[in-house]
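See structure below.
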Amino acid sequence: MIALLLILVPLVAAALAAAWPDSRTRPWLLPGAGLIHFVLAWWLFFNPPVVEAGAWLGFDPLARAVLPVVSLLFLVCACYGVTYLRIRSERPNRTFVAALLAVLGLLSAGHQARHLGLLWIFTEAVTLAAVPLLHFNGTPRAFEATWKYLLVGGTGIALSLLGSLCLGYASLYGGGDGQLTFVALMAQGGGLSRPWVLIAWVLLLVGYGTKMGLAPMHTWKPDAYGEAPAIVGAILAGGVTSVAFTALLRVRAVVGAAGSGAVADHTLMAIGLFSMLVAALFLLGTRDYKRMLAYSSVEHMGILTLGASLGRAGVAAALFHVWSNGLTKGSLFLSAGNIRRAAGSPSMDAVRGMSVLTPRSAAIFVTGMFAVTACPPFGPFFSEIKVLRAALETGHWVATAMFLSCLLLAFFGITRVVFGIVDGRPNHAAKAGSKRFVETVGVIAPPFFLLVLSLWLGLFTPHIITDAWAAAVAQLFSTP
Amino acid sequence: MNSILDLILRLDCWLLLAPLLPGIINKVKAWVAGRRGPPVLQLYYDLARLWKKGVVMSTLASPAFVILPAVTWVALLSAAMLMPLGPLGAGLTFRGDALLWLYLLALGRFCTAWAAMETGSAFEGMGTVREVSYAVLAEAALIAAVLTLSVQSGSISWVTMLGPPMGAGAALLAAGLFIVLLSENCRVPFDDPNTHLELTMIHEAMVLDHSGPPLAAILHGASMKLLLFTVLLVQAVLPMSQLKPLAAGAVLACGVLGVTVAVGLVESLLARFAFRRVPLLLTTAFLLCLFALLVAWKGGLA
Amino acid sequence: MNHAHLNLLIGLAMGLNLLALGTSRLPLLIRAMSAQGVILGVMPTLMERPDWRVLLVAAATIGGKGLFIPGMLRRAMRTVQIDRELEPLIGFVPSILLGAGGTIAALALTPMLPLLPEHANSLLVPGALATVLTGLILLIGRTKAISQACGYLILENGIYLFGLLLIQAMPLMVEAGVLLDLTVGVFILGIIVDRIQRAFDSLDTRKLTALHE
């Protein structure tokens, strides 16, 4: 029941936002609904409900292992959003607020979907709901980014439907009775038709991989993250991608139960390492700090995928990384948004000396950069160490070497851009622009808080959270 | 004795009836446009007039300039001899005659192209290039069509290939062959036989410098080729082997007339295509024949 | 299942694929796409024992893919006043040859897939594969926003064809596919909205190149 409220509250709030007459007070719906969602999600986290095996929707261990951090991220972003929308009061915010709340509701639904078709429906709905968010700025560049997002994302989502249909046919061919919950599919296990399962796996990997932004289907990501408001980037990078990732985990479990787990792991590892490599190479070349964050996100999706291919320990590490990456990336996006607002340009060619103009945001940005490139003692360091350990324990020496060298290249690329914009003497245009932007508590506290959370997660990973990850792993690797 | 008579009759049929077809096409075009148009027998008058005239030779041209049109004409007539005529059967039949038929057509085109380049005129060279580049694509479609007929009858001899009725692929094959017919005989939308502008000519550009009896041979050969393709199209699509000889002959005659009228209608209703769009149409013809082949092959398996 | 009729319809849909690939005129592309939508919508009614859910899918498909979306596309074309000639990235002859090659490959590959006996003689699977491929070629090979939307719709038609295999066992999956129409709707909305904002003139996606690396 409460699990359903997780979906309904944001959707009702979205409807309310669409009908809300006053655009000055409307943004307050964001933290309002976010807070209710946060309380519900964490209440469920501490008191996990019993989910019926055949239920189509439910707060099962996998949802419990990921949804709370999405809720947390959303709440912090929502608080930032209130200030942000006050600064951007010249843009109409009715669609933006409604769409953002709808995204939260559909994300909760997607994380809790235990049915192949339902999962697809919610992923599709999230994709569509995010469209107005990307188009918020209304510029030609924003339209271009939105168009690419729709085209690439739409194709990906269509292919994942085709993959879902193939998996359905695998079940039908194996004598299934039309039950498409993941539990039923896993129970059918070896009875699934193997060729169809493999076809379905490839299509679903491409489809949901597009949503995650794995290379070579990542092309929408730099444009979308570069042109969308910072808060949207944070929620896409930390929330929407995580739905696609858990979708892949659920499908991977079915493929594993059907006896093709080794093939699935190999493809996951290959695409994960390829994403890391592509991201690292692009990071060395990009001159735009918001696009840099997008490539960094591609890299971290690669790490997640690599983790998912390394068995139980790897999946647990990947779930850890979902948390640490989501929080850290959120902090980076929000502080980058501040810098962008003050500097007036996204390119490191035009922006420098931000440590003078926006000292606090720049400090958070630099610290966040160290966190995201896996410097201790932040969360990503510990989660990536765990991925590394899982890779070594399973004897994947080449993958380990590639993983480490990609991290090193990414470190070079990211530090190059970050110090390029933070260091030096500010130019005149930026000085004039920064007069209009004041570093109030409303825009500094959220990214700072997320950074602290990332630090806390790294230093004192609470037992109850690691237990939740372990329970999710047990759900995914259960052999009936 | 009887076979000699048969041969003469058949030769007469091809030689005398062929020039009728362009006349019918022109009449249809005139009728659609609301004109009286030239008489149906106009080509016969033209041929007679050309036969009486002398030959003008370029100082650059070798004797091949006169010999090659004759070779073309003979090649086309031999190809016509291989093509069965409904109840009459073919004048000459052996295993693989369909392949020889394809080669004879190619030989005819080769000789025309060679003769066109004998005088060294730029226009004729241009016309040759266009003609040959279309022919490459049209030939692919024609070969696919012959393969289709061969696959579904399991033979490479015209008499048996044109015997059995086509299945579901008949419509595809008919459309494909009709496009090939238009292209091979230089009709609209590929080429305009009535054009007077050298820049847009294709086939006409190739024969600009010919005169007298060689030109007559070329014109007569072209009309035989048109009849040849029309007969092939009708026989490939309409099942005639089950009919009585007289009925089959009537069906063939009506079919040929129908296709000729259709060519005339296409010419009145369509404008000529731009050069860059022609490959697309010929590719379509190739695909139509290819899918007919696929249907014949799949049907054979099932 | 009424095999002969169904296969004839699928054959027609496959022919429309090639037409869509070969045409250089936007209105013809839209017409081919809408005809394909209607053909696809008729198909479920030919299957045995169509119940109300199946009929609902049929009605939604005919209405959405066959009438509503093409109508919106035509409207978009009028409001935006787009030049009706398409400019391809992949030429018409290469794309039609690719499409035909894909169709033949799909026909040749299908016997290798394990199919239930009632689907073994049906053209559903090769038709679906060929249509998906056509959609992808159009998505990649055309520059105009509207023709890309058409390509997406044809891709979707292919997925729907595949879904017909499952329409009796798991109707939900097929019904979910109707949501894809919504994506196309958003595409078209985007085109119209953008025109109102006059962000750029020609709707040529090649002009969408401010963002590149």
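As written, the chain order gives the labels A, B and C, with residue 1 at the start of each chain.
Here, a residue touches a chain if its C-beta (ideal position, glycine included) is under 8 Å from a C-beta of that chain, and two chains touch if they have at least 3 such contacts.
Predicted model, so just to flag it, every value in this text is computed and none were measured.
The touch graph of these protein chains is an open line. Legend note: the chain whose CA centroid lies nearest the centroid of all displayed protein CA atoms is C.
Averaging Cα coordinates per chain places chain A and chain C 31 Å apart.
Measuring from the averaged C-alpha position of chain A to that of chain B gives a distance of 66 Å. Chain B and chain C, compared by their mean Cα positions, are separated by 39 Å.
Shown for chain A are the residues that touch two or more other chains, of which there are none. Residues 277, 279-280, 283-284, 287, 290-291, 294, 298 of chain B touch chain C in their complex. Within the complex, the chain C residues that touch chain A are 113-116, 132, 136, 139, 145, 148, 152, 155-156, 158-159, 162-163, 165-166, 169-170, 172-173, 176-177, 179-180, 182-183, 186-187, 190, 194, 197, 199-200, 205, 208-211, 213. Those residues of chain A that touch chain C in the complex are listed here as 116-117, 120-121, 124-125, 127-128, 131, 138-141, 143-148, 150-151, 154-155, 157-158, 161-162, 164-166, 168-169, 172-173, 176-178, 180, 193, 195-196, 222-223, 226-227, 282, 285-286, 291. If you check the complex, the residues on chain C that touch chain B are 18, 22, 24, 92-93, 96-97, 100, 104, 107.
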